[in-house]
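Notes for the one structure printed next.
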Amino acid sequence: MTSKLFPYSPAPESRAIVNIASSYGLFIGGEFVEPDDGETFKTINPASEEVLAEVSEAGPRDIDRAVAAARKAFDGVWGSMSGKERAKYLFRIARIIHERSRELAVLESLDNGKPIKESRDVDLPLVAAHFFYYAGWADKLEHAGFGANPKPIGVAAQVIPWNFPLMMLAWKIAPALACGNTVVLKPAETTPLTALVFAEICQQAGLPAGVVNIVTGAGDTGKMLVGHDGIDKVAFTGSTEVGRAIAKTLAGTRKRLSLELGGKAANIVFDDAPIDEAVEGIVGGIFFNQGHVCCAGSRLLVQESVADEVLDRLRRRMSTLRLGDPLDKNTDVGAINSYEQLARIRELSDIGEAEGAERWSPACELPDRGFWFPPTIFTGVTQAHRIAREEIFGPVLSVLTFRTPDEAIEKANNTPYGLSAGVWTDKGSRILWMADRLRAGVVWANTFNKFDPSSPFGGYKESGYGREGGRHGLEAYLAKGK
Amino acid sequence: MRAKKTEDDRIGVRKTYKLYIGGAFPRSESGRSYPVTNHDGDFAANAALASRKDARDAVVAARAAFGGWSRATAYNRGQVLYRVAEVMEGRRDQFVTEVRDAEGGKFDVAAAAVDAAIDRVVWYAGWADKVAQVVGAANPVAGPFFDFSVPEPTGVVAIAAPATSSLLGLVSVLLPVIATGNTTVVLASELRPLAAITLTEVLATSDLPGGVVNMLTGRVAEVAPWLASHADVNGLDLTGIPLALWRDLEIAAADNLKRVRRPDDVEPDWSRDPGTDRLTTFLETKTVWHPLGV
Amino acid sequence: MTLTTSAIPTDVASSDSALRRFLHGLPGVDQVGAEARAAALSTRSIKTEAKRWAIDMTISMIDLTTLEGQDTHGKVRALCAKGIRPEPGDTSCPSVAAICVYPDLVSTAKEYLGDSGVKVASVATSFPSGRAALTVKLADVRDAVANGADEIDMVIDRGAFLEGHYLDVYDEIVQVKAACKDAHLKVILETGELATYDNVKRAAWLAMIAGGDFIKTSTGKVSPAATLPVTLVMLQAVRDFRDTTGRQVGVKPAGGIRTTKDAMRYLVLVSETVGDDWLNPDWFRLGASSLLNDLLLQRQKMATGHYSGPDYVTID
């Protein structure tokens, strides 16, 4: 896989920049406190299985406390604060994130397993940018198209996944606070650390106590939080299965809900695509972040007339992917986030083989400790294969073919999901024709996996409802007026 | 010799109220009907009692119509809806009688409601080609990309029409949903369905493609669950349903993540400015990225 | 435009339109995507052993260049000395690949370089503009070859290219190649004047079909000269050309490459686009002048552990 002449030497990013405490409490009412029930769990580095820290598990009384703290802050200082002043807190937070960016990136790579190159160059810049963007909305909500006097909803419960821990936190907290809400956020069980450092940043920014509360825990904690009587709104990013369950829990109540769920995006390559850039787009689409991306281009739909050539180039390109230590600056593919996720990826890949698809990975040395899966493609896949329908959430690409633009649209849309899609062609009218017909919340044409705080993101159908980012992202955090 | 008949003795030709599905007026496939009474308790007419199969057929019709209606130009949709207002205006007196018979009260109150309904249709006709400019955006992303967001209709939307306001309320929940390109299956007010059927006669003669609006009359509690659980229905407007049914319907809707509009605690005052909320409820936002380069 | 780079038709050079059909039938290049790929490869971190190897390899790939109106025989001799022995007193430092000069200074360079192994490259064909009659340009080439040039760096007729007269551009390269006799031919595309990556890709294929041994980005007299994305596009072209025809062609970015960091990025580009087969001076060169001293400063730092300064590298 690597060059014999020029193998690049190890280029490790130093861990010394981050100070991980041996244990963390819950962040409630502006302070770190011990959990009422005293339960803890460990978070590990998935690249080495080393324990990073002990983290608290919030129990029912802790959730009560957190919601109460958020309510108190909402009814008191935050709810009555002008947008102008709220904005300044958010700008402070954005600036501190900029300042501590490298430290947060290293911590994210340690806790999540993603390459430092990605946490440094993609995650952290977007985190800061989100806070900066929404800070600017806080004092101009009356111009946002939601009425002359828009009001916050109240206390928001926010549950986020492990794939982009700090970035998902930013997508949730920034708009919520900008609109005047207070929040109780639960980071994912396997990636709590950057959220806990974010809590420190809130303290550094002087954010009033109770505006942001971080309750760590697993599935049970999340369930308690979204089902709590004292919250006014739930924002969830995660699997469609859990999203559905939350929607049922909230049925018949006035609690608002926004969901950002799974996907099985089609990345469509036409015979006239700019070939080398399209191959980059395919690779970035499924192997970026180890494929742990809801909007990953996990189905390659390649025009049949050029399928062989595209696949040859794809395999050749995949052979230059460097898998290994996430803290090495030259690593392209990091660790799978958990044993459970690795097991699921393996299971679905085995199903792919059993259903007759042909599996290929470049020669890849996997470290012996940690959770690893080589970048993999399956060819000979059709819509009738499970690996074309079910979200694998790993570095596994299913390759299908199509003959005509209409067929590409039919196959791309033939799924209960509808989060994203990619189109590669050199023809302008075809780009727009395809974008028009793809039933997906985000369409990337001649590019992929691009994000920006001003650009609304979210799904059609079972990929969820509501949008994050842009003016549209305010809607989920403002009361419906009449 | 036959006695000369006066005008007052003329026997009227009574209207048969049927369902409106796919642009046609079928009876319920179940053959059932139910008596509808006026506000003063007198028998007014028999209305079709829709079954789950009628609901199923209505969804099929709505889905079949979605492609054409959502792909029509906004200008075209606006023109069609304006024509609806024209035809409604022509039938104004008929509507005033029906609304007054169903809802009671003075004629001029009924007349005001009908006029407001017609004006509201005109208002929504004008929205068709403007929503995109109000909620769409060119997003200033931090990179060499053209990035824009456009609204798109969600798909097939099932609507429970308001129980009390038989025309103005109905128009207020229906028009914003179809103006943007959605197609609908409407559950008319159970007790006051007649103006709804007359409205469908207007729709049928107004260039509105069949299947864009499908109207079911009957027992809301019987039919609503079939729509709420239907996997080919994308949106659910619970405005007119009894509050006791709300939770179970929303739970059923969650199976395919339908976009749900929850009922209000009390039926709104339909004479107030509607705002844009109902226009945007059943819209998706699609964001498109493309590099800017030579 | 279709993806498949099918075998080149035998009558591809029969007319402007035949050439146009082939060249315009190659897949396009998305500017933003190509630049993003080059930028991503720029983040590779080359340290310790790899850096040591890369610095020496880069030195051995340099075409040390002087192309000034004020060049004298003395200047050329000094440059040759530097090229042979970049680090006086340190025989572990490799020589450069070649010295690059104007045709009328080739003999001086050839005489000085002797059997040092450092080649003489000469610009020719009315460098840098190429705006002269073909007879004049060919005479320029023959003169350089007669004076002993091992390599000829020609310029393509950009005017003809932008007019779509691909056959004229092709014919010129073929005739220059013939005039080169045993000398290797590098074809300068002058990418800054071609303006788009699509044009660069087409010009690269045209130069290779016409028989060029190397394709080179720039004369160094026009800005922008060599860039990472333009070099990426050219590397992809030589890779695809070899896949299609079996013939390997070299690549030379020239102009604007001043620091070791820049040079490392070019090597990464080669390694991850075309691989080890091109990672040597026979198939990859860098046209530069001030780069050499920055490489030497970095080389010294790696050897001594502390930062060095301009007093510790020689001027030419």
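The letters A, B and C name the chains in turn, as written, and every chain counts its residues from 1.
Just so we're on the same page, a residue touches a chain if its C-beta (ideal position, glycine included) is under 8 Å from a C-beta of that chain, and two chains touch if they have at least 3 such contacts.
All of these numbers come straight from a predicted model, not from anything done at the bench.
Undergrad: Compared with chain B, which chain's mean CA position is the farthest off?
TA: Computed centres place C farthest from chain B.
Undergrad: Please give the pair of chains with the highest number of C-beta contact pairs.
TA: Going pair by pair, the biggest contact count turns up for A-B.
Undergrad: Taking the mean of the CA coordinates per chain, how far is chain A from chain B in Å?
TA: For chain A versus chain B, the centre distance works out to 38 Å.
Undergrad: Which whole number of Å gives the spacing of the CA centres of chain A and chain C?
TA: Computed from C-alpha means, the inter-chain centre distance equals 44 Å.
Undergrad: Would you mind pulling out the distance in Å between where the CA atoms of chain B average out and where those of chain C do?
TA: A distance of 70 Å separates the two centres.
Undergrad: Could you check chain B for residues that touch two or more other chains and list them?
TA: 145, 291
Undergrad: Mind pulling the residue numbers of chain A that touch at least two other chains?
TA: Expected reply: 446-447.
Undergrad: Multi-chain contacts in chain C: which residues touch at least two other chains?
TA: 30, 32-33
Undergrad: Given the complex with chain B, which residues does chain C contribute to the contact?
TA: Result: residues 30-33, 35, 195-197 of chain C touch chain B.
Undergrad: Over in the complex, which chain B residues touch chain A? Could you list them?
TA: That would be residues 134-135, 137, 139-143, 145, 147, 149, 154, 234, 246-251, 253-257, 259, 262, 268, 272, 275, 277, 284-291 of chain B.
Undergrad: Using the touch rule from the top, collect the residues of chain A that touch chain B in their complex.
TA: Chain A reaches chain B through residues 129, 145, 147, 240, 243-244, 247-248, 250-252, 254, 259, 261, 416, 431, 435, 438, 440-447, 450, 452, 454-458, 460-462, 464-465, 467, 470-472, 480-482.
Undergrad: For chain C, which residues count as touching chain A in their complex?
TA: 1-5, 27-30, 32-34, 36-37, 43-51, 53-54, 57, 236, 267-268, 271-272, 275-276, 279
Undergrad: Could you pull out which chain B residues touch chain C in their complex?
TA: Within the complex, chain B touches chain C at residues 144-145, 291-294.
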